[in-house]
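By written order: A, B, C and D. Residues from 1 in each chain.
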Amino acid sequence: MGTGRIRTALKIDREKPAWEQPGLHNRWHPDVPSVSTIAQNEVVKIECIDWTGGQIKNDDSADDIKNVDLTRIHYLSGPFDIESAEPGDVLVVEIQDVQPLQDEPWGFGGIFDRNNGGGFLDEIYPKPAKAIWDFEGIFCSSRHIPGVRFPGLIHPGILGCAPTAEILAEWNRREGELIAANASADRDVAKPPEPKGAHAGAAQESLIEKIAREGARTIPGRPENGGNADIKNLSRGSKIYLPIHVPGAKFSVGDLHFSQGDGEISFCGAIEMAGEITLKFSVLKDGMAKMAMKSPIYIPGPVEPHFGPGRYLTFEGFSVDDQGKQYYLDTTVAYRQTCLRAIEYLRRYGYNDYQLYLLLSSAPVQGHIAGIVDIPNACTTMGIPMDIFDFDVRPEAEVVKRDMGSCAFASS
Amino acid sequence: MGTGRIRTALKIDREKPAWEQPGLHNRWHPDVPSVSTIAQNEVVKIECIDWTGGQIKNDDSADDIKNVDLTRIHYLSGPFDIESAEPGDVLVVEIQDVQPLQDEPWGFGGIFDRNNGGGFLDEIYPKPAKAIWDFEGIFCSSRHIPGVRFPGLIHPGILGCAPTAEILAEWNRREGELIAANASADRDVAKPPEPKGAHAGAAQESLIEKIAREGARTIPGRPENGGNADIKNLSRGSKIYLPIHVPGAKFSVGDLHFSQGDGEISFCGAIEMAGEITLKFSVLKDGMAKMAMKSPIYIPGPVEPHFGPGRYLTFEGFSVDDQGKQYYLDTTVAYRQTCLRAIEYLRRYGYNDYQLYLLLSSAPVQGHIAGIVDIPNACTTMGIPMDIFDFDVRPEAEVVKRDMGSCAFASS
Amino acid sequence: MGTGRIRTALKIDREKPAWEQPGLHNRWHPDVPSVSTIAQNEVVKIECIDWTGGQIKNDDSADDIKNVDLTRIHYLSGPFDIESAEPGDVLVVEIQDVQPLQDEPWGFGGIFDRNNGGGFLDEIYPKPAKAIWDFEGIFCSSRHIPGVRFPGLIHPGILGCAPTAEILAEWNRREGELIAANASADRDVAKPPEPKGAHAGAAQESLIEKIAREGARTIPGRPENGGNADIKNLSRGSKIYLPIHVPGAKFSVGDLHFSQGDGEISFCGAIEMAGEITLKFSVLKDGMAKMAMKSPIYIPGPVEPHFGPGRYLTFEGFSVDDQGKQYYLDTTVAYRQTCLRAIEYLRRYGYNDYQLYLLLSSAPVQGHIAGIVDIPNACTTMGIPMDIFDFDVRPEAEVVKRDMGSCAFASS
Amino acid sequence: MGTGRIRTALKIDREKPAWEQPGLHNRWHPDVPSVSTIAQNEVVKIECIDWTGGQIKNDDSADDIKNVDLTRIHYLSGPFDIESAEPGDVLVVEIQDVQPLQDEPWGFGGIFDRNNGGGFLDEIYPKPAKAIWDFEGIFCSSRHIPGVRFPGLIHPGILGCAPTAEILAEWNRREGELIAANASADRDVAKPPEPKGAHAGAAQESLIEKIAREGARTIPGRPENGGNADIKNLSRGSKIYLPIHVPGAKFSVGDLHFSQGDGEISFCGAIEMAGEITLKFSVLKDGMAKMAMKSPIYIPGPVEPHFGPGRYLTFEGFSVDDQGKQYYLDTTVAYRQTCLRAIEYLRRYGYNDYQLYLLLSSAPVQGHIAGIVDIPNACTTMGIPMDIFDFDVRPEAEVVKRDMGSCAFASS
C-alpha cells in the first residue's frame, strides 16, 4: 500500500576509504561484479561518495587539491543489475530526488594545479584553489566567494550502464590513437587504462587485475553509455534513457553535484558532494532500435530554478584567442573567450580571478552555442543569472569594489 | 507628449535591388557614409531587407538557394550616427520590437550547396534544400516541414558598430593568416575582402573602391563589435551593450530572423525575413573601460516562449566522430554528433533528413556546452521543445511514420 | 501558397464616431446583423476601437473620465458568422497576434467617479483620475506614473458568441431580480437593458429599437458566452473554446487591453487602446456536449513575460474590512484588503494613492485565491513583479521618497 | 566554519499523542510558553506533526475523516522566541527547505462530512472521502486518483507570530459578532474559542485553562499575523515578512502540505503530512512602521515547478449560481462555479466527482481573480497544468473513459 520506507540499495561507509568498499568502483568494465538486483518500477535510494572519495577537506587550504590523487577518483555506486534488462533494451531512469547526506551539508569546488589535473583555463590560471560551499536547504553559499547565493540544480555528474568488452576495446583503441598522435604534447590529451588506483568493487584476485588493466577511466563521458556527461540539469524529476549493452544493464551512478555551470570549466568545478539519490527504474524492451539510439537521451525535470530570461547577464565569445590568433569555427576557443569576458566584468567588484573561475564553474550559468556556421568564427554565449549576487551587477548599476576575501590557495 | 508616431529612420524600397539603395551596405568599414543621426533616448523604426537581398523566392524549388550569389548578401541597414557617441563609449540598444514586414508574412530557411556556402553538416548533407515558413501572428509553420508550429523568438542576426581602420586591419590580418595556413584545404576557412558584390551604401567613386577592397565581410561575428553573432534570444525586450570604436558609433543592423536554433546549423538556417525593428539608443560615456568590455554584453528580453524544462527532449553528443575518431575536447565535433542524434530520432516519424536539418536550424532548440573539461571528450546537448510538434514525440509514445512531404530541392 | 497578406475582416474608421459604424455594436443580442462570414481555418485581422469609442483623450486632465458616457462604451467588432457553425458546436479561436494601431502607440487607464462608474475601491478613492500610457514596442510607460515600465500581456477584454433569445431573456431575468432586490441600495448592482446609447451595428429601423430595448449590456461577463471576462492572459498564442448558441456563431470581439492586472480593479483599469487582433477560427462539431461545456475554456499562449516566482512581491488580504468587520469567506472583501496592503507599501516611494490604484489595475499583477475554506476568513494574495519598477522595491532596500508627479485629475 | 549539522530546534515524538507534547500547541495566545530561543541568522530544523495530529491513517476507508475530532487539529510547532525581537519589528523567515519525514513518505487529502467540517462545495458533495498520496522524491501520486502525478510545491499552511492580548480580544470580538449575527444559520460561520481539545504546549494549570478559554482557533488565517493562510507557493526559497506583536515574536509553524491548489477547496484538501522544515530567522527593527505593514508580505521561492503558461487548461466562472441566481460581484460564488466547470470537464475521463474534488484541492492549480469590477459578475479562473495527467486532456484529444477506481469513502 505504498506506506513503507523506500529501500536503500546501497549505503556507503563514511569510516572506511572508498577503495575498501565493495559497493563502489572507479573503472568502466563489464566484469565489475553487481552489487544487487533492482526490480522493474522499483524506487531505491543509493548513497554516493564525493568524487574524490573523501580526499578534499572542509578547510581553508588548497593543499589537498594540489596533491589530489587523480587515480583515486570518480568512485561510482554500483553496478546494479536491473531485472529483465537485456542488451538492446533501453533503461529508463527517473531521478526522483537528490540530496546531500543529512549530516554533511557542504561541498567543494576546486581548480586543479596545471600539473595535476588542470582545467579549461589552466594556461591563464595554473594554480590550485578551492572553495567550500555550505548548504542551507536548497541554497548554497561560500565563505570563499562572498556575495553570492543560489539554489542548487542538484544532479549526478555520472550515470550509465556498463560497456561490453567490444565497446571497451573500441574506447581504448580510439583514445589510444589520440594519445599516440599527441605523444609530444605538453599535456595529457586522454587518460589510458591505469592499474594504479583502480578499484573493481567486489571483484576478487585475477579479476581485479583484469579490470585494473583494461577498465576505462571514468573521466570522460562517452557516446555509447553517457557516463561522466556532467549535464547540469539532470536534476530532480529528470528522466534519462540509457542504452543497455550487457545483461542486467549493470547501472552505476556517482559524482553528485550540488550545482554546476555549463562546461564545468574548472574541471572539478561543480560543487562536489557526497549524497543520496532516489531513482526509479524501468526497461523499454528493444528500445535502442526503436528509438534509433546511439547515445543517451533525457528530458529535464520540471523544477529548475526560475531565473526569467531578462535576469541573465550574457557574454559573447568568438574563436579568436587572446593573442589574436584566428581559429576555424572552434567552439572550444570561443567558449574560453566567453568565460574570460565574464571574469573581466566581475573582477571589478573585488573578486580575484580564481574566485570567479570557481564561481562560473559551479553557478547555474547557461553556456550556449549561438552560431557555428559563420566562417571562421563560432560564437558562444554565457548567461549568468543576476539574482545569484546579493549586490546589483547590472551594467547600469554603480560598481563598488568590495573586500571579497579569497578562495583557498595551496601553501607555497 | 508621446502621442505621435515612432519615427521610421530607414525605409527600404521593395522595388529596387538592395545594391541600389544608399541606406544599405554589406561590408564593415569605418568609411561607409552615415545614413542619418539618431538622438539619445530616441526610439526609431528601421526597416531591414532579408539577408540575401531578395534573392530567395517563395516557391517550391531550391534552385535559388543553389545559385545564390554569396557576395551579395547580408545587406545591413545603416550605418547610423548616434548623438554624442565617442570611441570608448558603450552604445546601449534596446530592442523594443521586431516584426516581419506587414504585407510579407513569410520567410525561408536554406541548406546551401556544399560547393556554394555549405553548412555545419555538409559532408553528410551536401545538397541544397529550402523551406518556406508562413507567419500567422507570433507563430510560424511550413508547408515543407509539416507537423511543426512554434512561436518565433524574433531577432536580428547582425548588429554592431563600425570598426576603426586599425581594427579592420587586424581582422584582415588574422583571418588572412588562417586562410594562408589552409591554402590547400578543400573548403573555404574564411572569407577575405572581396570587391565583387560589395555595396558601400551612399559612398561615391573612389570611396566605393576603397571600401570594396578593404571592407570586412559580414559573414562572421567578431569579438570587437559583435556583428553576425546569430544569437537566438536577442529578441523583443533585449538590451545590448556594444563597444563604440568610431565617432558617432556608426551602428548597423540587419539579417532579421523570425526564429533560429542554437548554432543556426544549416548556415542559412534561421527563418530569414525582411522586417522592421524598433530600437531605442543611449550612450554610456567611457563605458568600455568602466565595464571592462572587449565584446558585446546583453540581457535577453522578458518574453521568450515558455517551454518548461520538462518539455525539452534532449540529446547528447561527444567529441568522437562518425568514423570512431577521437578528438580532444572538440566542442564543434560534439555538437555535430548531437545534431545527428536528434536527426536519427526524428527521422522515424517520416521526415527526410534535409527537412530535419532545416528544422533544427530554425526551431528554438537549446544547444548547451555541458562539459568541456573531461579529457578527451567534450559533451554538448541539444534540447528540442516537444511542444513544437503537433504529434507526440516523447520516447514513450508510439512512433507512427507519416507522409511528411518534402522540403524543396533544386532541379537536377 | 501562403504568400499573400492576411485578410482584414473589419477596418474601423477613425474619422467617424463609433455609433455610426455598421461593423461595431455595443449590445449582446441574437439579431445584430452579421458583418461578414469567415471560413473555417481562416486567419483574419479585425480592427477594434477602444472601449470608450474614442471618448478619452491623450491629455493631462481627467475631465473626460469624469464625464464619460457609460451608455456609449464597449463597442465590439462584429458579429461575424463562422462557416458551418451550429448551435451546440464549439468555436475555437486562436489569438495569433494583438497589436495597437500602427499610428496610435498609446492607451489609457482610468479611475471613474464614484457617481459615474465607480470601481473596486471607490469608497476610498471616489475621485476620477487618468493615466496615459505610451507604447514602445512590447513595453509601456506612463508620464503619469513614473518609475515603472513593463511588457504588455496584450489581450482582448471581451470576446464571445451571440446569445439566443432564450439566453438573453434569462440574463435579463436574473439580473433584473438582483436589481429589484437592491432597489434601495446607494449604488447600481447591475445594468439593465438601456436604449440610450445602444448601437445595433447595421440593424435598421424597428430592429434597432428591438435590440436597444432587449439587448444585454456588455459590461459583465456571463457564464453562457464569456463576454467581458477581462482575463489578463488571453494573449498572443491563446486558444479559446467558446460555446455556440446561434447559427453562424455570431462572434464579436473588442475592448483591447495593452496590459491588465488580475481583477482590473479600477474598472477601466486595464490599459485601454484601439488596435488590431489577428484570429484563426475553427469549429468543433457538437463540442458543447462532448466537452461538457457550460462556460468558455481556454489555454493561455506560450509567450507571457517571464517574471520568475522569486521576483514577485506578494501581499495578503483576509475577509475582515477596514472597520474591523468580519465577513464569512468573502473573497471580494479579502481581495480589496490585499489591494490596500499593496497601496500602503508602495505609497512610501512618493506615489499618490490614485497612481497606485491605476498601476495595480494595469500592471501584470497576479491575484490568487489562496484559501477559501478556513472559516470565516478567505485569504487572497496579490503578487507584484518587482522588475516593473526601475528602483529597488524589495523590503530590504532603503526607501527613498521621490517626486513621482501625479496622475491626471479632473478640474474641480 | 559551517561544517556542522543544522540544529534541530524541535523534534516531535511519533509515539506520543500530539496533546501530550510540550513543543506543540493548537491555539493562538500570547501566553503559550516558548519552547526555546533561536538566534539571529540561525538556521534550524523544526519537525511538524500533520495537522490532524495523527488522526488520519494510511488506509482505504474514510471513516477516520468522518469521525475526525476538529477540536484536536492544527497542532503547531513552537512558539519560538527569536533573539532581540520586539513588538513593531518584522520577522524575516526564509524557508530553506521543507521535507516529509524521512520514513513516512505519504500524506492525505480529505473531504469532510458536511456535518463535521464541510468544505467549499459541501452542498453538492456532502459525503466524507479520502485520498492517500505516496511521495517518490519530489513527486506524488495516489492509488485513489489514478492517472495523475505531479511535483509538490511543498509548504507550511500555517506560520505566524503570537498576537497580543489586545489583538486576541479583537479577533474574538469581530468573529463573535459574525457568529451572533448568524445564530440561526444552518452552518458554522466561525469557530469561537473552545476549551475542548485545546492544547497549550508547556503551559501549566491555571494558564492552561486561560489559554483554552481565550485562545483563538487556528483554523482561519487573520490579517494581523497571517496564520493559516494556506498559500500554496510559500515553498522552498520563500522569504516571509511577519509582523511581530509580542516580545520574542513567539513564532509558530505547522500544517505542512506536500502540495495544494489555490483555494484548498476541500478544506483538508492539501496533501497533509508530517515533516521537517528548515528555517532561517532575522529581525528588521521597527519594520512594521518602515514597511507600512498590516499583514504579512512574502516573496515566493525560485523553484516552483515550471508548467509553461501554454500548458494550463483554464476554466472560467462567474457570480451566477447553479440555480441561475445572480450575485453582486461575489468572487466566492464565481470560484465555486469555476471549480464545477473543471469537475464537469474531467469527469468524462472516468473519475468520480469526489476524486476530482480531492484532486483540485491538492494539485498545483492556479486560481485567479480575473475581473472584479464588471457589475454584477465577478469572473474567476482556474488553470490546471495538463502535465499532471498521464493521458492527454487537451480539448482536441479523444476522450476515453477509463477505470479510475475510487477514492476512499466512509462505511455507511
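Just a few scattered comments:
Here is the rule we go by: a contact is a pair of C-beta atoms (placed from the backbone, for glycine too) under 8 Å apart; a residue touches a chain by one contact, two chains touch by 3 or more.
Computed from a predicted model, the values in this text were never measured in an experiment.
The greatest centre-to-centre gap from subunit D, using C-alpha centroids, is found for B. Here the CA centre of subunit C is 32 Å from the CA centre of subunit D. Separating the CA-averaged centres of subunit A and subunit D is a span of 39 Å.
Centroids built from CA atoms put subunit C at 50 Å from subunit A. Subunit A has residues 237, 301-311, 387 in contact with two or more other chains. In terms of inter-chain touching, the protein chains here all touch one another pairwise. Within the complex formed with subunit A, the subunit B residues making contact are 90, 92, 119-120, 170, 173-175, 177-178, 182, 188-191, 219-223, 226, 228-233, 237, 241, 262-267, 269, 284, 287, 290-304, 308-318, 320, 324-332, 335, 337, 341, 344-345, 347-348, 366-381, 383, 394-395, 399.
Chain contact summary for the complex, subunit D toward subunit A: residues 1-3, 5-6, 43, 58-60, 95-97, 102-103, 105-106, 132, 134, 136-139, 143, 151, 236-237, 278, 280, 301-307, 387. Subunit A contributes residues 305-311, 387, 392 to its touches with subunit C in the complex.
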